[in-house]
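So, here's a batch of structures to check.
In the two complexes below, chain A is the common chain; its partner is chain B in one and chain C in the other.
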Partner chain A sequence: MSTVTWITVRGLFGRRRFLLLLPLPVLLVGLAVLSRGLGVAPADWGPPVLVGLGLAVVLPVVALIVGTGVLGAEIDDGTVVHVLTTPLPRWQIVLPKLAVAAGVTAVSVAVPLFAAGLLADSVRLGVALAVAASVGALAYSALFVAASLLTRRPVLLGLVYVLIWEGLLSNVVTGTRVLSIQHYVIALADRLAPTNLLSTTVSVAVAAVMTALIIITATFLSIDRLRSFSVAGETS
Partner chain B sequence: MPEPTGVIHDIGYQRYTGPRLGRRHVFGALYLHGVRTAFGLGRSAKAKIFPWLVVGIVLLVAAAVTAIRSQIGEVIMTYAQFADAMSWLVIFFVAVAAPELVSRDLRSGVLPLYFSRPLPHADYPLAKLLALVTALFLLLGAPQLLMFLGGAFTADGMGAVWDELLDLLPGLLYAGLWAVVFASVGLLIASMTGKRAFAAGGIVAVFLMTTPIVGILSVLPSQTANQLAGIASPPTLVQGVGLWTMRDLLVTEDNSADLDLGSFGPVYALVAVALVAGCVALLLARYKKVAAR
Partner chain C sequence: MTATNTAPPAAITASTLDLAGVSRWYGNVVAVNNVSMSLGPGVTGLLGPNGAGKTTLLHMMAGFLTPSRGQVTLDGRPTWRNPEVYRRLGLVSEREAVHSFLTAYEFVLATAKLHKLPDPQAAARRAIDLVEMADAQDRRIGTYSKGMRQRTRVAAALVHDPQVLLLDEPFNGMDPRQRLHMMELLHSLGDAGRTILFSSHILEEVEQVSGTVQVMVAGRLAASGDFRTIRRLMTNRPHVFAVRSTDDRALAVALMAEVSVTGVELGRDGLTVRAGDYGAFTRALPKIALARGVRVRQLVPEDESLESVFSYLVEA
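Moving on, here comes the complex of A and B:
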């Protein structure tokens, strides 16, 4: 485990505010248990919990907070200078940080989704959701790490993507789903465990190719941006 | 022993003897500054991007609705429905504006400077809250005014314009309700942290994670739970109050499958009032501590 990984993990977990991430997954499992316990049909509670809460809210919001936290917080504080002045190649800074962000997001989203999927249908759906959510966590993290290097307002930019592009537009203009990580995740999960709980208009091939493309492009973009990074003061 | 050679020069320092504007002016200045901050006025172009992006989208939608209505004669949404349709954008605007209003001051540690003025500790949060409410009301009210102007100029006769106006006024009241509820919840969350990024994320998380709870409660096998489901989330709570007070303006033939309140309309109103009161009380308590430190 490299030092950068270690620093990033400590930066994430060392503060109290990391506890803010807990309520979302707990709520996800809690709602699933509640619905199951009261005997509601999975077809009724599955879509709002699994997709509406799990894949549309918990996954992107956790990825946004963690993904912009691993690098964006250091840029905000100005402590990124200490890492940048070490003789490390830039990819050795970006990749460990990305790995930590994706790992933390994947764990905190995949575990509750597995539980919810298990309660909704079967172990297979649970595993499918967990795997697809982990892939989605990697894609979102790559995107948000790149965003925190492209702009000084990464969280707001990420919110524009999550709220306006994925939340608002892809419900109205179905064509924009081709560029929405949320629908890639749904497509992948539905392919791994075909049920009637998940439905999307994006094909699995498109989803797989686009996810890989986003991960690779965003990672290379981050490495390239960090190569010519200029340290500036607080945004006005 | 040498004589002291130092000289004290009179460089003209004077006490301020002019009129002192009291508490009302401090409050007014904070409020005006708050409204300007919410829209990024008087700040760099970067600070204007996100607020004006939202304003632009909202006005664009209003213009499109007006154009369709005047050309085809089809009413896509009423004035009151406009606020409901824009709920995601309202959430985003709160996530942009609320951290700008309070988190920056916390982060740069200027609160002791504010409270060293003759400013009661309740005035600071109240001025900020009022500013956010005003900004949200403008965000939702301006497009409705645009829709009204479009409707009024295509209407035939003063009677039709008067009818339009009677539709517009409840719509504006409803926008005010949205503004008060969202501003008080959003500002309370933003006042918890000095990091704008975390404040924005927290606001969105709180508003979004409550929506699926409504979805679950409304499929539970209990009619009472179904009818009370909307209380769990701020957008549906406001919607419930709106449905109770002005049902005919919010419900059209297209979306009759919306929230079913049963006989719990007054409960929704009470919860809305309690929510706002609770958030304001917590906000005041939060700034009491800062002021005392």
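Moving on, here comes the complex of A and C:
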């Protein structure tokens, strides 16, 4: 484990905001177990729980908490200067932090989604959701790590993207789905385990290309912004 | 006004930090205005009131802020967007930012590893010993006093043995003993040929640690060099001397005839003499005393303190 990874993991799990990761995955599994236990048809509870809660809320919100936590929190409290006053090439700082964010998000979301998919349909759907969510975790993390370096309010920017762009606009204006990670994840999961429970107008090809594009662009942007990292100076 | 810095000992490869016409503005606010300086080995104090632009200047020196105009270079290479400079540069920022969940040893060791030092454990122990934190090194930083946290950050900044060390208000939060130790540490680092720059708005700190100052006032470099030399170059301000002799009254009468003297005050503890020309007065005084048969027992420049230099510059 690199030193940057070690500090990032210690920092992430040492902050109280880490506890925010627990309720949403627990709620997801709890609702799936409850629906299955009550004998509700998967066609009725599957879309709202798997997509409406799992992919539209749990995945992006957990990614937002973790993605802005690995770098944004260090920028907020100034500890990032400790890592930056070393001769490490900036990609050696961004990539481990991105890996930690994507890994923690993937584990936090893929496991409950696998369980929910299994309860709704099959192991195949569970695996498909877990794999697609992991890819989505990487894309969201890249986006939110970049947001930490682009703005002083990355959580606000992330919430606007998740709630307004993906939650509201992509349901009203279908064209905006081309720029929605949530719909890429749905398209990828549906490709891995075709089912009526998942539906999107975004093709798998578009989803794959756009996901790769977002990950690469956001990562390069993060590295470049970190090279030009400025600390706030006195102005009075 | 410029006075020369102290010469480097031969033991350490000297590094020079150069600022050439550096300005930095935020919208309409000019934080740093056309500052040029060259910092060589030794301890230099960056002095100025709050809001003078010291932190902005330090951030630009450390590569954490791009100048709006001008250039900052370390040994000829720009500090901005150049992580390689941190092989030779250490920074202790004013903001008390440390990973409170780590112990001091873990923190300094992590820094040594980030620098990819060949023996990070030994480097961490050496740096912790240097700041006298060995006894508390296994406690979490979150449990430390402000001064202990500051020393831990200094240890982290020194772990790779940098040639240049920048410290922003390093004495903040330290008790008198810790302050004295830090001053001794900065002295020894400077004497060893390192380039040390520390900022402070407290005159006594700068006066005790460094004879060489860079004085910032309202974003501008108001003066640069040895503060005693700066004072002597301020010829528009009369120099004030306290003089005690075997016959103060007779000496006062004689001094009034000296052209370099602008005023003499006879007090219970001797004379207070105001001289327009430092050199002319100090050369004339022995001759006058000798001619009048008066023995001078004490001659002390009263306004050569950094405080008086600073107040003159701020008032100017």
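Keep this in mind: the second predicted complex is superposed on the first by the 231 of 236 C-alpha atoms of A that agree within 3 Å, B and C clash if a C-alpha of one lies under 4 Å from a C-alpha of the other, contacts with A are read in each partner's own complex, and residues count from 1 in each chain.
Keep in mind that, in the parts below, contacts are C-beta pairs under 8 Å (C-beta built on N, C-alpha and C of every residue); 3 or more make two chains touch, one makes a residue touch a chain.
Owing to the predicted nature of the structure, the values given are computational and were not obtained by experimental measurement.
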Following the superposition defined at the top, how do chain B and chain C come out on chain A, clash or fit?
fit
Which of chain B and chain C A:V61 touches, first, second, both or neither:
first
Could you say whether A:I164 touches chain B, chain C, both of them, or neither, answering first, second, both or neither?
first
Taking C-alpha centres, what angle do chain B and chain C open up at chain A, rounded to the nearest 10 degrees?
80
Given the touch rule stated above, what does A:D44 touch, chain B (first), chain C (second), both, or neither?
first
If touched residues of chain A are counted for chain B and for chain C, the larger one
B
Going by the contact rule set out at the top, does A:R36 touch chain B (first), chain C (second), both, or neither?
neither
Applying the document's definition of touch, where does A:V4 land relative to chain B and chain C: first, second, both, or neither?
second
Please indicate which partner A:R90 is in contact with in the superposed arrangement: first for chain B, second for chain C, both, or neither.
second
Just checking: does A:R191 make contact with chain B only, chain C only, both, or neither of them? Give me first, second, both or neither.
neither
Could you tell me if A:R124 is touching chain B, chain C, both of them or neither one (first, second, both, neither)?
neither
First, second, both or neither for A:H82, with chain B first and chain C second:
second
Pick out the closest CA atoms of chain B and chain C after fitting on chain A and give their distance in Å.
11
Taking the two structures together, which residues of chain A meet both chain B and chain C?
235-236
Contact residues on chain A for chain B in the complex?
17, 20, 23-24, 27, 31, 34-35, 38-40, 44-45, 48-49, 52-53, 57-58, 61, 64-65, 68-69, 72-73, 76, 152-156, 159-160, 162-164, 167-168, 235-236
Contacts from chain A onto chain C in the complex sit at residues 3-4, 6-7, 10-11, 14, 77-79, 81-90, 227-231, 233-236
Under the stated contact criterion, what part of chain B meets chain A in this complex?
43-44, 46-47, 49-50, 53, 57, 88-89, 91-92, 95-96, 193, 195-198, 200-202, 204-205, 208-209, 211-213, 215-216, 219-221
Quick one: which bits of chain C touch chain A in the complex? Just the residue numbers, please.
24, 26, 29, 31, 50-51, 53-56, 59, 62, 64-66, 80-81, 83-87, 89-91, 93, 95-99, 101-102, 107, 110-111, 113-116, 156-157
